[in-house]
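Chain lettering (A, B and C) follows the sequence in which the chains are written, and residue indices restart at 1 in each chain.
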Amino acid sequence: MSEPLILVLVVLEGIGVLAFAASGVLAGATKRLDVVGVAVIAFLTAFGGGTLRDVLLDRGPFFWVANEGWVWAVLALAIVGPVFLRSQHIEPTAKAMQWPDAVGLGLFAASGTQIALESGATPLVATLMGVVTAAFGGIIRDILVNEIPWVVSSYQLYAVIAFAGGWLVWGLGALGMAPVFAVALGAIATILLRVLAIVFNWRLPQWRLGSA
Amino acid sequence: MSEPLILVLVVLEGIGVLAFAASGVLAGATKRLDVVGVAVIAFLTAFGGGTLRDVLLDRGPFFWVANEGWVWAVLALAIVGPVFLRSQHIEPTAKAMQWPDAVGLGLFAASGTQIALESGATPLVATLMGVVTAAFGGIIRDILVNEIPWVVSSYQLYAVIAFAGGWLVWGLGALGMAPVFAVALGAIATILLRVLAIVFNWRLPQWRLGSA
Amino acid sequence: MSEPLILVLVVLEGIGVLAFAASGVLAGATKRLDVVGVAVIAFLTAFGGGTLRDVLLDRGPFFWVANEGWVWAVLALAIVGPVFLRSQHIEPTAKAMQWPDAVGLGLFAASGTQIALESGATPLVATLMGVVTAAFGGIIRDILVNEIPWVVSSYQLYAVIAFAGGWLVWGLGALGMAPVFAVALGAIATILLRVLAIVFNWRLPQWRLGSA
C-alpha cells in the first residue's frame, strides 16, 4: 500500500472512530452505565468493527494498537463526555449525532472495503468487510445495552448504504482509479447518500407479514 | 487433506449453511427486523459457527470466502424468503424447519470435528469445535433478537448430540476408518439421533433448584 | 518466557478459571438454563477472556487447548455444581463467590497484562488486554442470560481495578523486577484492592444526568 494512501486511511478511520465512540458514550450514559461501562462501550463501538475486520482478514496490528493516540482520545471522551451531558440533552444530542455518524459510516465502509481489497479479498468479501467495519461496532453497542441492534431493526438505509459504498470503491478501483481517490470518492458518496436518507427519511420496505 | 474429503466437507457444509440461514431468516422475520437485518442474521446464523471455529483454529480462508456462491445464496434466501412468509406461516414453518436444522446440526458437528482434527486438535478440542460449528450460529441469532439462546435454555438434546456425534467421528477415525467415511457416518448418526430426540421429545433433566 | 514464569502463569490462570466457571454455573442455574447451557456458560465465562486476548494477540495455543485438564474440570463443575445448588442457596452463594471472583480478577488481570507484554504489546495495550482477560468472560456470561453486563453497570470498582493492577505489573517490570515477581505482586495488589472495594462498598460516582 502506498504511503499517502495509508496516511489518508488512518486519518479517515480516526475521524470515524471519534464519531462512533461518541455514539457509544451516548448509549452508555442514556442507559446509566457506570463510568467504566461508558468507556467500555465507547471503546467497543469505536474499535469493534475495524478489529473484527482485521481478525477476519488475519491482519495486524489493529488500528488502535498501531495508533494508540486514538485509544487515549476515546478514553478521554468517555470520561469527559458524560460530565457535560444532561437528561434533556440526550434526545437532541442523539439527533445531532446522526451527522458525524453518517461521516463515520462513509469513512469506515470505504476504508474497510479498500483495506480488505488490499489484503486480496474478492469484491463481495471486501464490501462485506466494509459493512462489518461500519456496522459491527453499533451492533455490539446495542447488544451491550440489551437492545435489538438498531442497524438491523430500524428500517433505515444504513448498512445497505455502506454495502453500496463499498461496491463503488471497488468499481472505481476496477476502472483504474488510484485507490486513494477511489476511497475518498467512495466515502464522500456514501456520506452524501446517508445524509440524503436522513433528510428525506428514506425507509426500507415493511414486511407484509401481517397482511395475508 | 485428500481431495474427495475436501469436496464432501464443502458440500455438506453448504447444505448445513442453507438450513441454518433459513432459521436465521425465520427468526429475523418473526421479530420484524428489516430486510437488511434479516440478511445480517441469516448470514451470521449460517456462517457464524464455522467462522468462529476457523478463527479459533487460526485456519483460513473461511468457508464463505473460499466458496462465495454460498454467500450469494444466503443473500438471495434472506431477500426472497420473507416475501413468501406470512404471519400464520411462522409457527408451522418453525416446526418444519426442525428437520433441515437437524441435518445442519449433524453436518456441522461432523465436519467441524473433522476439520479440527485435521488441524491437529486433540479429540476433546476437536469435538468442542464441532459443537461450536453447529451451535454458535444459533447462539448469535438469538442474542441478536435479544433472547436467551435456545441452545442453552430449551432443555432439548441439541448441543449434547453434536458433542456425541463429534466423538463418534473421532472414534471411527481412531479405529482406522478413512476420514471421509468417518465424517459421513458421524453426520448420519448425529442427524438420526437428533430426529429421534425430536420425535420422542427427549428432554434434558430439569434442575431441582426449587425443590429443596 | 522463562520456565518458572510459565508455570506460575498457568497455575494462576487455572485458579482464576475455576472461580470464573463457578460464577458462570451460578448465573446459568439461576436463570434455569439447561445442563448444556450451564456447561456452555461456565466454559465461556471461564475461558472467554483469555481466548479473546489470545485471538487479539494472534497467540496460540489457547490456555484451554494447551491445558486440557481445565476443560474437563470446568465440565465437571458445570454438571456437578447445580446438583448441589438449591434456590435458597443462590443469594448466599453469589455473595460468597465475590471472594474467589476477586482472586480470579487479580490473577487474570496480572497474567493477561504480562502475557501481552511478553507478546510485545505496549503498556496501554497490555493493560487493556489484562482488562479483557479479566472482564470479558463475565460480559459474555451476562449477555448470554440477556442482561446488561454487571461489569459495565454495577458502579462497582472492578474493571478499573484490573486496569490499575495491569499498570502495576508493567511498572514493576519497567523498574527492573523479574516478570514472575511483578505478576505475583501485581496479582496480590489487585486482589487486595478488590477485597477492600467489596468490604468498604466503594462505588464509582453516579452520573448527574438527571440533576440539571
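In this section, a residue touches a chain if its C-beta (ideal position, glycine included) is under 8 Å from a C-beta of that chain, and two chains touch if they have at least 3 such contacts.
All values reported here derive from a predicted model rather than from experimental measurement.
Because chain A and chain B carry the same sequence, their contact can be compared by residue number, and under half of the numbers here are used by both. Chain B maps onto chain C through a rotation of 120°, based on Cα atoms and reported in steps of 5. Rounded to a whole number, the gap between the C-alpha centres of chain A and chain B is 30 angstrom. Each of the following residues of chain C touches two or more other chains: 55, 58, 143, 146.
For chain C in complex with chain A, the residues that touch the partner chain are 55-56, 58, 121-122, 124-125, 128, 135, 139, 143, 146-149, 151-156, 158-160, 204-205, 207, 209-212. In the complex of the two chains, the chain A residues touching chain C come out as 28-29, 31-38, 40-41, 51, 55, 58, 60, 62, 64-65, 68, 71-72, 82, 85-88, 90, 143-146.
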